[in-house]
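What follows is a pair of complexes built around chain A, which joins chain B in one and chain C in the other.
On to the complex of A and B.
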């Protein structure tokens, strides 16, 4: 077990959020671990950057016509929210129910889908699947607008079973057909016109027209269906109710939550937490929030084994660094370039590569992506004019010996305030050796951007380049 | 469905829509227009803010009511002579010069109405004559410029050459105070009206900055506002407000009494018709579509409704009145303006 409150809380906030500044960490510590878990699970006022301000200065984020501005719009939300789990769960479902701009050419509707993940993403999995099936972006992404009474299209039905719930091997081809029949007539308003516009990427004459769900009763196959051994005149909701009660669905949801919030690899110890989550899935009526509570309070999650057992995804990496540095708290030129940076690291918001989402874990790291990751974070954290970095400098000074930091104290202080981050002995030696080149650091009378402060910035830059910083 | 709430004292007829989204860097159409003004020759000047992908083409486009796209000018994105970054508003003086505010570069740039760059002035700061995010701009009968200095929570009065004359206002929500103000207009008596954006109200001042009266409060009811961006006054004293957050235009009487709501009723512009004529498959489906749909409850907000209801205003950022009683409503998110005629 992790026996240090600060270390444990930092671990929780890396998983249920995007990491934490020391001020945030102290606020959560005041709640205690259980209280912090509840605060994260029950988001209230997110306090994020208000839409009116964003729209005033960013016309592209008011119209949300193009990908870059739309991804940046979500970035602002992640950067400025006080309810980070709300964004983290939306990101989780965005990766699992992966829906991409490339086919839709409709960013506003993708962001409406993300709103739905915020709204329903910690509620009942059954309700979430219903909302997902009514989501216009998903409908177009998997061609359910082409799923008709007289001519079914199985794309959505197939992926609902294979990628979004039970997983392959737990149903038959006949189940897919029957499932698809149940979702006939589930389409979007003005489906034919919107499909042409999406296919042509038409923005004419007056920009995009966002989408909404429409049920066409006359196009719905109301006949008897047999699905997973049950027979009836099932509609989509009935099919989802059957899916939700399957053991394989519980296993799927628990496993994917575990891999996103706890660890990339599942050990025997980790499997125990998954089984506890499956129990909660059924006892709570498929509530995701309750499954997360079980996970965060599990012995596994609080163990040393779970700490730094995940590779940070690019979005976690970038958002975490910006939040730590305290940048982009107001609308500013250049935010769309930051969202592009995540794409270069392999994770473009609103543009997962396929319906399978991103390949996570160690696959985030290749030589090109690693350079992008290190460069971005190093640049954010080494800018001593950034408010978050200034706060780190002030804390280092407050914890120093009359303004003097010995090289080891400088390295340890930066590792502590950026995490705390645990590094190997070899890494620690490199950091201390680097700090020792210029001897003790004297922060007495330091001024913004002076040489003393820049030494802190350089140490933060070096920490950002460590292997350990790549892990959550 | 009618998109006007009727008043017995004032009535407007919808005339037409002009515009089409311009996805490129020049030519016919608009790119996130932010303001509009007219001249006595029937020319309509449209200030295109442009999104970051098209920032290098920030420009003023010129057209007329006969749907002719005449020309455009601008020197691209940046802080050099004649360049812009975040343009907000535009006012024409009595020497036929256009003064354009840039809230990023903290300055005003002047062009002739023939598109010749004249000069720019202004520097960042909070002292008299300095600017921090200049937004709305208007001209009075003596050719003085009133500039809304948004981040300094004040209004400043200048000559058209940029010489400081006066200032008033401070941050707050009491009379004469502002919270991120945006638009400004001058009436025939040279009184000054400010769209006090984040206080959801319009404030009226004398020409020298004496507070006179305030109109409106926060909300979506009649006479209430959500982030008003622009205000215009007609010769009879009626007050037109771009009620941006409510995606509508409201008209108040000279005494501030509520008169009328416009929600927009855009039809196809001539340019839009030409696009659809060359895309018959798209037109055929469009013709049988319902462009005023009923939306699910979670989308029942003015923003979402306008994002899916093409005839309605979406991002109505600017209202302009010309000498013939026409109202022009500029829509950022629809790349067009709708024209109404006062009866």
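On to the complex of A and C.
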């Protein structure tokens, strides 16, 4: 009975967004699959919660000095955006070019970096690497402010090749040195003073001071360099141009995009999609947007195999449940607690544990994290006062047989409206058995929070607690 | 756990935010202290004298009482080279025992893995609080994080007990299904079962405990009470962790620092009394630490991030006394206006791991470190 177009669209929106309510799904379905992909790839007005409104309620989100408030600020953006892929791609790059508050003590610079990911994250990979190399938060995070003419610091040069593009085994130690030389002089304004302030975690006497990129020509090593077999008086941009045209870079970017947007594990079928993305990488001039289009339109992505093939990350878990329940559409006091909940699940926004980012996939799952994951979504989705849950109840009633739902219809209806989610037979049996506890459900004349509605809330709680709900 | 022989447990109390060691163990015999701390100081007549040079903060009465019973080891001048003054980074260093590179595994996570390599007891390590401190994190090691012992487990917000039981039963069936279908589904199933099992066992702990000790209502004392309940329930838990704060006293320090130490001392005093009442004083050791100390000079209202802090090891099996040198306040000895640490924090870890938990310390703390003699020799 569940429509295949709906199933596929829900799959697309779990990957290119944070899942979708049935209203959102219907809007995207009206565009058709290809139209929906284009709408997602071309964000226009995101309709975010406006800053002035947020500031009226949250002092700490006005100054954006501390970690908790700044992470919560990004949460609002993810919850309220109507261009979910813009936030999803920012989250992807935040995990890949993982920069953390721990060393920076400068949350606003991190948020500026996230903004750069929104701006450049779906454009050319080459441009993105240039923007990244000029990003003040990255410069401090990987010590490029300590990378001087005649005294190189290899930290950034090394990670640029190892973690941000080609991957280990595709260059030599000598390439790292030459690459680092090319990035000498790429620093931030008043770098020495700012570095001391960051190390001392000092807010005295001026609070946090905004950072900006500064190129110091006199500190740049302008000599001849040989990088990956090419020789010239390379500057950083030249090095990045060489990196961008490498086969290994294409392979790296395609694989990481695949694992974030398609599946944790790469099967033979999945490998075909990666190859198509690599082709697009070169034919489009390294455009990320075109690679994503290739992925979303691939046979693999549309196949059964790709569905529920990723463990939801904590941010997807939390933001997805809140968007489904329709909460936090206006500033509310609990937002920092919610943002901390993601940290308890193992993914604190703006604080990836190391430059390698988070270990994703099945590593999200341990007993402490699972309890947090289940409890959060179960509570969020069982509250029948939430607007999104009320809308689910109304739809259940509209689809029912004169307001009466048999236990199987109740279980199936909830699985449908929270996804559609496909569950195993064994899970399905437990859900139907649970729904049968009080016989048929009569939704006629239901009132907010009455017993009939609460039965729907209970059912939604159990669906949210399934193993299957843990997957995207 | 069926064994009657009680195993040795480690209780860790983390002081988050950077405890001002100068106002905790006060060098009241030194003029330089009062010269540097012109406003944020503890006056000589209020210090609880411990030696002729050092004394405790006036809020530390209960700890002084334990000191008099020879149960408090004070570790002065603890830290690591090239001190980092960022809360997060410095705490990470303490958690992973890796000052130079960014470490991945927590030292206690590794210790738990050594004690229970097959993960047979899901309660070998427990954090009391939300989230998992990095110290306890280690791939493949299951650690429960208990926000509130009374409501710990799945679906704590379901008030109707019958409905909650019915929901838990359904959860158990959903996570129980046949293994071998798919590795991720199997992992989810096993993890869900572990979580249920841990919660089932933990829920029995408060019922197995009675005590005449009244813990204070503050959050630390309540967490420490939960620690006592779980410890006395004999569940085989060897590492019990909690944290308190914020010790980040940039302003209004004298008031807030006194309040925090009242709570810390009170909680430790109650716990030691509780252990005595249960005859388990020699079976638990408490480690108290913070990520760094604070500036030698105050800022007029508080103190800023510094280095060279201190730690405490407390318990019936401890050889009480002063360990390590109190860092000099002389300007020539300072690093950038901060105390210079003179003993590596990994020495204390080594001491605890080897002489208390009976583990091989070097692989856990990433190297060999000279240790003190904090513990009485074991029978």
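Simple rule for what comes next: the second predicted complex is superposed on the first by the 468 of 472 C-alpha atoms of A that agree within 3 Å, B and C clash if a C-alpha of one lies under 4 Å from a C-alpha of the other, contacts with A are read in each partner's own complex, and residues count from 1 in each chain.
Keep this in mind: a residue touches a chain if its C-beta (ideal position, glycine included) is under 8 Å from a C-beta of that chain, and two chains touch if they have at least 3 such contacts.
Note that the structure is predicted; figures quoted are calculated from it, not measured.
Colleague: Check whether A:427 is in contact with chain B, with chain C, with both or with neither, and answer first, second, both or neither.
Modeller: second
Colleague: Return first, second, both or neither, reflecting whether A:202 touches chain B, chain C, both chains, or no partner chain.
Modeller: both
Colleague: Please indicate which partner A:269 is in contact with in the superposed arrangement: first for chain B, second for chain C, both, or neither.
Modeller: neither
Colleague: Touching A:112, do we find chain B (first), chain C (second), both, or neither?
Modeller: Touch status of A:112: first partner only.
Colleague: If you stack the two complexes on chain A, which partner ends up touching A:102: first (chain B), second (chain C), both, or neither?
Modeller: Second partner only, chain C.
Colleague: Per the contact definition in the header, classify A:33: touching chain B only (first), chain C only (second), both, or neither.
Modeller: After superposition on chain A, A:33 lies in contact with neither partner.
Colleague: Do chain B and chain C land on any of the same chain A residues, and which?
Modeller: 200, 202-204
Colleague: Once bound in the complex, which stretches of chain A touch chain B?
Modeller: Listed in rising order, the residues are 51-52, 55-57, 59-60, 62-63, 65-66, 68-69, 108, 112, 115-116, 119, 189-190, 192-193, 196-197, 200, 202-213, 333, 336.
Colleague: What residues of chain C sit close enough to touch chain A in their complex?
Modeller: Chain C residues touching chain A: 84-89, 92, 102, 104, 122, 127, 130-132, 134, 139, 142-145, 153-158, 163, 166-167, 170-171, 173-175, 177-178, 181, 183-185, 187-189, 191-192, 194-195, 198-199, 250, 299, 304-305.
Colleague: In the complex, go through chain A and note every residue touching chain C.
Modeller: Residues of chain A touching chain C: 100-103, 105, 198-204, 264, 311, 340, 343-344, 346, 351, 353-355, 362-363, 365-372, 374-375, 378-379, 424, 426-427, 430-431, 433-434, 437, 458, 461-462, 465-467, 470-471.
Colleague: Which chain B residues qualify as touching chain A in the complex?
Modeller: 19-21, 23, 32, 34, 49-53, 85-86, 103-104, 180, 182, 197-198, 226-227, 245, 266, 268-269, 271-272, 275-276, 279, 281-282, 285-286, 288-291, 293, 295-296, 298-299, 303-304, 307-308, 310, 314-315, 332-336
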